[in-house]
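Two complexes, one shared chain (chain A), two partners (chain B, chain C).
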Partner chain A sequence: MLDWSIIARYAPFFVTGAWMTLFISVFGIALALLTGLLCAAIETAHVPVLRQLVRVYVEVSRNTPLLVQLYFLYFGLPKLGFVWSAEACAVIGLGFLGGSYMAEAMRAGLQAVPEAQRENAYMLGFTKAQTMTRVVVPQAISSAVPGVIANVIFLVKESSVVSAIALADVMYMTKDLIGMTYSTYEALFLLIVTYLVILLPISILGTWLERRFDHARR
Partner chain B sequence: MQGAEILLELGVFPRLLQGLWVTVWIAAVSVGLSIPVGLVAGWLMTVRNPVVRAVMRVYLDFIRIMPQLALLFIAYYGLARAWNWNVDATGACVLVFVLWGGAELGDLVRGALLSIPQVQAETAYMLGMTSWQSFSRVILPQTLRRLLPASVNLATRIVKTTSLAVLLGVVEVIKVGQQIIDANRFQYPTGTLWVYGVIFLMYFIVCWPLSLAARALEKRWAND
Partner chain C sequence: MTERNERIVLRVDGLVKRYAGADRNVFDGISFEVPRGKVLVIVGPSGSGKSTLLRAVAGLEPIQGGTIALDGEVIETGRPGTERQGRAKRSSALRTKIGMVFQSYDLFPNHTVLGNVTLAPILVQKRDKAEVEAEALRLLERVGLADRADAKPHELSGGQRQRVAICRALIEHPQLLLLDEITAALDPEMVHEVLDVVLELADQGQTMLIVTHEMQFARAIADRIIMIEGGTIVEESDDPDAFFTHPHTERAREFLRTFEFTRHRHDHGA
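And then the complex of A and B:
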């Protein structure tokens, strides 16, 4: 059913594609984490005007598809003079989308720490900074980790859309192989295997990290 | 702001709305079909038979770990090849969204079913209800309550994922936008910005109320 010689011939292309997927994902997720951290900090600290802006950003980013965000960045914004490469667009797009998801996960983590603990820490003479670093953040991390990891996996999967702005990722290679040789089965086989190779380790690592950070249960 | 007039050009806005209608229609059909599939899948995930449970586990995990676009490719290119079953692009989209939505919803159903204490079924039984009565009068109403907010959220995700249909060649809102841009390229060189801007807004206008509704339902039923 599968022609292994075709698979052997085209496997290197999928390795290249996988690197592109990983490259975009790593930078996109890093940007998403930074954005998320910033937004969560602004919301928790109740910074007046910025807080409303963050709310707007989160709603817009969560309620529009990545593909449309990418088309707008890649085809639309150059008309205003913002010309950027496809790679930059993909990273910014993924960061824009992921930032809101990360912000929600981190905010939920921070809110999971009961207010009473903060008050108790102040009462015991902790400064604001000490309360944050010694009491709130360690617990917030442990309850935010599962959400953050789910978002990481979600974003790697979402990165499959970047082939639409001509980046040679795994999906792009699949389409190319089907289009050039009609080797549909082999292409789909390579597609599934490549994504499993990328995503299974992340998923397993995620489960391990979740357990590692589950301070409440240890 | 020059170039925005493209949106006022005769027929542009109505055509975009028609495209949006296709998007919403695909999403609505997928959500509608996901609900029965999800209920059955969720029930199958809780049965005692280990083989059934293992099959459901693999189904759920596979759907979850594959990007939706990859699933669309598998359905669109793979099925036609495997059984000579020429699903059109729209059919492939609906099929994938139903399988995906059904799996996600099934997992929610499983969680909701398991969250209802066994005691309730036993109590209902003791009060003389048949097992169907206790399921339909006691268990199901509570399950649906716990399920509704998550299902509305899932609907939002399905609407957003419908955007991928354009990559299989379905003529929905994005494709219509591209056609408008291409047809007016010389007259309105900056039309791209405006048309994609409007599509961006259209998705937001469809998805945002759904998100708000899901949140409101969650809050209202949080303590039940």
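And then the complex of A and C:
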């Protein structure tokens, strides 16, 4: 059975850890969203050269583990003279990984808008900018929202890897607690509860957002 | 020449169209014109390029030869080697002069019915919002949809959406309205409500270029009818009744027969 006294004693550490998880996640996901938007725009606009670079980035980012990316940033780059804080490495790593996932979700959203919508806008005299802002992007958002939300949740969970570069997130606290007290069950219980407390509201918000934007779909 | 031009809204002269990678032209020098206030109907078998012709006039497809003139002014000159180019670079103002309704009822799903109709005149033509909304409601009233102004497109039937699409094109007061098989995707019982609206437009003097498979409608609405096949006009007539009852060419007779249903009860041959 769980020892509730241990849970009560160590719960504050998990609150501290949760803040670190949130901090890394919020900035990492913001970076991922920006990267994704930029990449999706480049791919959709068929910008030469940049488009090929985006493809290379997406493949590298998606096909290497976050842990490897973090090791490269935290242990590899200093050898080349770039020394970044663990926090910076975590945010950049999460943004690097998430950027490709976000790019694919957003690109899929843009591609889901039927060509007929652009043709109608053309016939009505819309400029390219008006076509994007009034017709294409609103519909692309409604198609992309479910994928983007799924990526947000995926990235928050993936942030547990940052404990490997000594950042005191919830995963780090768990390993610490297990190492110090051998209270494996209590530590894992606290870990799962903390993730649920962070992720359930995001999940609920996601469902709400999906419904909120669904009007723009057929 | 000038006097003649004023009468002619659309003149297509020697239009050549070829698809990228194709070994022959879809059209090899087609010419026709649409006088102001008149309705030209294009018929022809599937794959004859009727829709492509309309899309070329609309600027949605590049042309490889010939000219397209609107109101006496050449707006498109075909050039060989342009097969892979996208939509023509036409000014916003020019594009508003040609309205188009497509086969698939593609209203903007993120706007209401009223929003669909008012968006372009407000955004593109910079017209006064109140004036535009009043006109939009009058148009919707005319097509029997004033009470659905606040509905979203997905709440409407296909026939209702096509009527809204017609309003959306009309509110910009286009010189020329292109209708590309606008009832082809509709359930049969909805075809009439849409075509009635178009017939009314013809009575009010709207210049139109129509592609349709509805032969009774074509006969009722056309001032001039042309049949295309194999890249050329195989038959044309200013008398739609005569076109349907006494076509000159064997090909037209054959085509028109495909719309007839007769049961040959004693014919067990081919």
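Worth a mention:
The rule is simple: the second predicted complex is superposed on the first by the 215 of 218 C-alpha atoms of A that agree within 3 Å, B and C clash if a C-alpha of one lies under 4 Å from a C-alpha of the other, contacts with A are read in each partner's own complex, and residues count from 1 in each chain.
Everything that follows uses one rule, which is that contacts are C-beta pairs under 8 Å (C-beta built on N, C-alpha and C of every residue); 3 or more make two chains touch, one makes a residue touch a chain.
Keep in mind that what you see is a predicted model, and the values were worked out from it rather than measured.
Contacts of A:199 after superposition: chain B is touched, whereas chain C is not reached.
Of the two partner chains, chain B is the only one touched by A:72; chain C is not.
Once the two complexes are overlaid on the shared chain, A:114 sits against chain C while remaining clear of chain B.
In the superposition on chain A, the chain among chain B and chain C reaching more residues of chain A is B.
In the overlay built on the shared chain, the residue A:64 is in contact with chain B alone; chain C does not reach it.
Once chain A of one complex is fitted onto chain A of the other, the partner contacts of A:125 are limited to chain C, with no touch recorded for chain B. Using the contact criterion defined above for the overlaid structures, shared-chain residue A:134 touches chain C, although it does not reach chain B.
No residue of chain A lies in contact with both chain B in one complex and chain C in the other.
Interface residues of chain B, counted against chain A in their complex, comprise 3, 65-70, 73-74, 77-78, 81, 156, 160-164, 166-167, 174, 181, 189-190, 192-194, 196-197, 199-200, 203-204, 207-208, 211. On chain C, the positions that touch chain A within their shared complex are 58-60, 87, 92-93, 95-96, 98-100, 102, 104, 106, 108-110, 119-120, 123-125, 152-154, 168-169, 172. Taken in their complex, chain A has these residues touching chain B: 59-60, 62-65, 67-69, 71-72, 75-77, 79-80, 153, 157-161, 163-164, 170-171, 174-175, 178, 184-185, 187-188, 191-192, 195-196, 199-200, 203.
Every residue of chain A that touches chain C in the complex is listed here, in rising order: 114, 116-117, 119-120, 122-127, 130, 134-135, 138-139, 142, 215-218.
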